[in-house]
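Multiple structures follow.
Each of the next two complexes has chain A plus one other chain: chain B in the first, chain C in the second.
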Partner chain A sequence: MKLRERLSACALSAAPFVLTFVFCSLILLLAGANPFAAFSQIISGAFENYRKIADVIVAMVPLLLCASGMLITFAAGLWNIGVEGQMIAGAIATTAVVRLLPLPAGWMLPLTVLAGMLGGAVWGLLAGLMRTYGKVNEIFGGLGLNYIATALTNYLIFGPWKPADGATMSGTDPFPANAWMPVIGDTRASLPPIIMAVLAVLCVYLLLRNTRWGLRLKAIGMNRLAAERMGINTKANMLLAFAACGALAGLAGSLQATAVYYRLIPSISGGYGYLAQLIVLLSLLRAEWVPFIVFFFAVIHVGSPRLELRLQLDSSLGGILQGTIVLFFLLMRGIREVVKRRQERING
Partner chain B sequence: MAESLVVQTLASVVAASSPLVFAGIGETISEKVGVTNLSLDGSIMLAAMTGFALASLSGSVWVGIVGAMVVGALIALIIAVSNISLRQDQVAVGFVLTLLCADLSSFIGKPFVRIPGPSMAHMPIPGLVQIPILGPIFFNHDMLVYLSYVAIALTSILFKHTQPGLKLRAVGERPEAAFARGINVNRCRYLYTMLGGALVGLAGATYSLSVKLGWSYRHTAGFGWIALAIVIFGGWNPLRVAFGAYLFGALGSLASILQPSFPNVPTQVFQAAPFALMILTLLLVNAEFIERLPLYMPKFGNALQRILQGKPPAGLGKRFESD
Partner chain C sequence: MHIELQNIHKSFGTVHANAGISLEIREGTIQGLLGENGAGKTTLAKILSGYQRMDSGNILIDHKPVSFGSPAEAIRAGIGMLHQDALDIPALDVLDNFMLGSDTSLFLSPRQAKLKLLDLCQRFGFALDPNTSVNKLTVGERQQLEIVRLLALGVRVMILDEPTTGISSPQKVLLFRTLHRLASEGISIIFVSHKLDEIEQLCSEVTVLRQGTVAGSVQSPFSTSELVMLMFGQQFSVSPRPGITLGEPLLELDDAAVSSYRLNVAHMNLSVRAGEVIGLAGLEGSGQQMLMRACAGITPLAHGKISIHNHDLTNRPYQEFLQLGVSFVPAARLEEGLLPGMTLKEHFALLNGSEFVINWRQAEEIAQRQISEYNVVGTPDTLVQSLSGGNQQRALLAMLRPELRLLILEHPTRGLDIGSSRWIWEHLLKRREQGTAILFTSTDLDELVEYSDRIVVFSSGIMSAPVDARQVSSESLGYMIGGKST
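The block that comes next holds the complex of A and B.
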């Protein structure tokens, strides 16, 4: 009996992966492709050589930063869907510093980081103010701000920050060399961003686990009214959560500009903000799970463009894989709870 | 001449707003019964792709339309199952489906990008189209646009004047009370969420077969979020939701008309305008001063408050279990 229960528990936790595999295989067959070829292309696209593995790490940096920021807002029960816009705001602030301030090399990079965090925090606060004082649900506030940030980037690239030889979708002129994060060897990975991303996850883990502020945020997330009655200033704490998440997202955007593209491009946020949302859902808001899921998602993210080159398939298969796994995970969790409740009822 | 230009513009606004009408009405039905379908942006996209693809393959727009509605209803079914039977968060599932459906539309829709395909036949309604001014504005379109009028009228009548509508509203407002009166709350929620989803699917087909012909990468991106905001703006009332849809449609057309006359204003301002407007309207309808309007304006305050304010169904997002 015990063994059977344990086996069925095992089967249930493996089920999202199996179902995702089956679902995506069906989609691939529908598109006339060989599922095994497609999956192996994704894997080899991500692990082919050490430079590809470095690319996986490069993709992990913004995901780790955004996901750890979102853990803070989720703890307070807030859906900060505006992380994309906060990334963009960080990248814009960083580009402004690079373009407008003639700084010596040693000062430039630290200041771009600060500017990025500030830009993201401001954008996060906007959504927060709309939520706390304007009573606009943060999903709509955040989304609207995402579109506005995108339009602002396009305006800057095609307007005031236009390259000398004409504006294109490839973005502004490259930054001067003193605003480039140093790379490791001949890879695209850079050490300072990796350190900052790891620190961010650690800090958020400790924040939510061991600090009063973390406890307060969780109290607000569980029951806002009760927290208010307990004397917690819920509005101020929610705003602070938005600002903290915005700062981390802004840092992610800033690093995309100084360590990946070395310029401001139209889609600088690259969907990482939305992807991080999926990651946090899959982690069940546990910081310790985030790095593993981020790694898994980054592998798919880096490997799937291969599908276009080798199999003439659209790289959106990567997004389908990521989306289906979260969907099946949520559904299976629901089924598990239903089964458990039913058993409890039978056992009295 | 000037008059006919105005009439033409208004006619194009009516046509261009029809998908927003379908999506807004569909979401209103779903929320009115207590279930938020947050997946609209993805649902509309996948339905638009399916509608165009099936219409192209079969040669019949109606096959495409039915296919799009089935897609919309199935997505709504996933939300209903996960929320009602499996007790998962509606917002989480809706958000995941938004991303997933958008990616599915890109992947499956790739062979149909920018190919010529069928579209709805232009079909002026004889007699009605002869009415001066109103005729050309409202009755010089295709079947889908006329269906959007039907959707507005039927939903409005359903909510206000029929017994099923009364039950629907009871389930959305007070599920416990509805249950006590012998209504099968969860079956009712399943039914109307799927009906709402089918209308959302119809919105997608209206884009790809009537308003924004064909299919391209992320063909309808952003419209779903606008439709969700319109439901709040419209205070969960079908007529006001439709009004909101036409308002957004009109402002969209206005932007594209004004754009050439203002070459100094960057085009990005016009791109961001609908979303800035979305935020502003939500700030307005939620603003606290509306609560105090009757105090400021003893005569019209109450009426103005009723127009601006709308309360969400009290049972929105609340699960119901009979045991």
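The block that comes next holds the complex of A and C.
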């Protein structure tokens, strides 16, 4: 590659970050705030003390789980937007186990985990069945199922599972103590969820890199017709991908219930499913980049509420930051493609 | 409008689709553009109608140079094209489609447009209901809609690419009458086809393309043998054939029928024996693709029976065909055969072994061995889409299982140079010696005559009885394909 081409490639990779910074600075200036103060507040908000750092880790758990699930479906070329609903389904299944089965302490937590994965997998399979047999695009199917899952939580919280002293938006009664994941010291972080999240990313990384199933999924994602001609059962593999992604998302939802809120609350998925979508887009479907991007997003997530406290800015700025970086990143990738094609045309 | 094309060049990768084509079209004439598949007809038509940019060359309209960046610009200059596959938007109704692309005013007036549509339809005897949805129309009716749409847009030159494929014979009569009438009104028609009889019936002048260049231009009345000669460009000869010893019957088709939305192929009876090579001749889309896909288990039969190696496979899943040793090598290598974005090694890993964790070292070894055995110019880490056409084809052959009963190949040597083609056939004949039966299509008559034991000719969905390849010459085959019996 010529030096000039390499420099322009470099500039294009750095551009999304620079553009996001400039764009958000402009918004901050319009809001009458000092951009540098705002950015440093976010950073210090996330790293103020060890409890804040633990909060970053708590936010990373669902993001890692959802993102690794989504890597599986994205590998097969499926835009599984239903991760939010799959999280909720996991949380509902977990709550059902906690409420309906009087289990001894040692059995309770493992079973909540299994129930969460099963609930998410079923919800994922629904989107998958609609896609493979009903010819419903998984984006629309997933979105519809997200709404149904949300409505179902609300129905349960305000109906059969309403607390004794009346239903409120704060959810069901807290779970009994045997359904609480243990925390580390006086932080909000819990060890089993962290281990599970790390394992999930690792497994998905190995799955996509070294296993026949992962390779088949990639083949389906690259060219479904050719994959079918090669004798790969595309429908079954796609369904399996939906189920696996749903199981990981369901696990995330289950852990939100047993390790963060200790109850079922409305919108327990908390937008993590959508955020994971952005993370996977940014990773270009490379599992090894996911932990770093998740960390970055979690820092913004935990740090941005400080804007409200210290600078009287709305904490939704964090969301703007996360969204714009993805948009600029995708924009630059598009531009890079156009530039590349033009160069190819010039070079013959 | 007088149109002149000067020295048009267009390449797709290594394929030189148009290699210096010059052509003149006079006002109010029906100019034929004849050539076999891949001769560059459609590319030339797309360049003239703004769908594709040329690499170099000039287009002159009334002696003034023009260039089009888009079909809309070409239409503004008065040139419109009817595509092989109708490009209209099926979800809309006839009237909406009719109004598409007219940018004379910002707001469309459906009432005026309807009057105009009905007026045009009446002039040409088309029976189009403005309010039916387009997906209820037949191919011929969509074509009529497209003709009146282009006329309403003020087109003075109309290009028709293989317009008689998929339309009924009354529609064809009506189409030809319409084209004659348009020509008499001063509209120039460019009629792209590979059907000799249609060209002879319709055109006053024909230009024959072969391999991206002009093979010659002829005025009406035409001599069929001259057109065949220009089209296929060969000295016709009967090739000597070695004796063949065939094995047991492998593939049996019993009154089989396949149908698609534009073509029904019925009454196919064929019995192929182990080691036999069957050539499928015919113009593109005459039914031979459907036969191959039925034999590969991709398209289900609408009627009749198919059995392979004495197993009745009628309407059985594709997987069972694979298990019985049937393999299909498609012409669309990157669309249907290979996985663009994946390396050769990944392809071999997918197709070999069954353990859950992939043994990458073994996959690398297999890839390396097959690459060198099949002369693929590439490494195990080469992405398949960066291989040349010939290497893609060799890679596809390298991926086939060692033991096959039936190998079905769509245009196995299309786009390949002579050396690659010879290599491919050497390999295929070796497989045949091992008892694999081969079915293949080709537009190269020499290839069909040289390598087939028997040849089946398809013409508009009708399959001929198999003929002994030793008894046909390329010339007689050319006549049969052109729908003329010798």
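One rule holds for everything that comes next: the second predicted complex is superposed on the first by the 330 of 348 C-alpha atoms of A that agree within 3 Å, B and C clash if a C-alpha of one lies under 4 Å from a C-alpha of the other, contacts with A are read in each partner's own complex, and residues count from 1 in each chain.
Criterion: a residue touches a chain if its C-beta (ideal position, glycine included) is under 8 Å from a C-beta of that chain, and two chains touch if they have at least 3 such contacts.
Please read all numbers here as calculations on a predicted model, not as lab measurements.
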item: Simultaneous placement of chain C and chain B on chain A, clash or fit; value: clash
item: Between chain B and chain C, more extensive residue contact with chain A; value: B
item: Which superposed partner A:Lys135 touches (first chain B, second chain C, both, neither); value: first
item: Partner chain(s) touched by A:Pro110 [first = chain B, second = chain C, both, neither]; value: neither
item: Touched partner set for A:Arg229, first chain B, second chain C, both or neither; value: second
item: Which of chain B and chain C A:Pro174 touches, first, second, both or neither; value: neither
item: Offending stretch of chain C which, after superposing on A, collides with chain B (from 96-104, 276-284, 456-464 or 474-482); value: 96-104
item: Chain B contact footprint on chain A (complex, rising order); value: 27, 30-31, 79, 81, 130, 134-137, 139-141, 143-145, 147-148, 150-152, 154-155, 158-159, 274, 277-278, 281, 313-314, 316-320, 322-324, 326-327, 330-331, 333-335, 337-338
item: Chain A residues touching chain C - in the complex, by the definition given at the top; value: 210-213, 215-216, 218-219, 222-223, 225-233
item: Residue ranges of chain C in contact with chain A within the complex; value: 298, 318-319, 322, 328, 330, 335-342, 346, 349-351, 353-358, 360
item: Residue ranges of chain B touching chain A (in the complex, touch as defined); value: 38, 78, 81-82, 85-89, 91-93, 95-97, 99-100, 102-104, 106-108, 110, 222, 225, 228-229, 232, 266, 268-269, 271-272, 275-276, 278-279, 282-283, 286-288
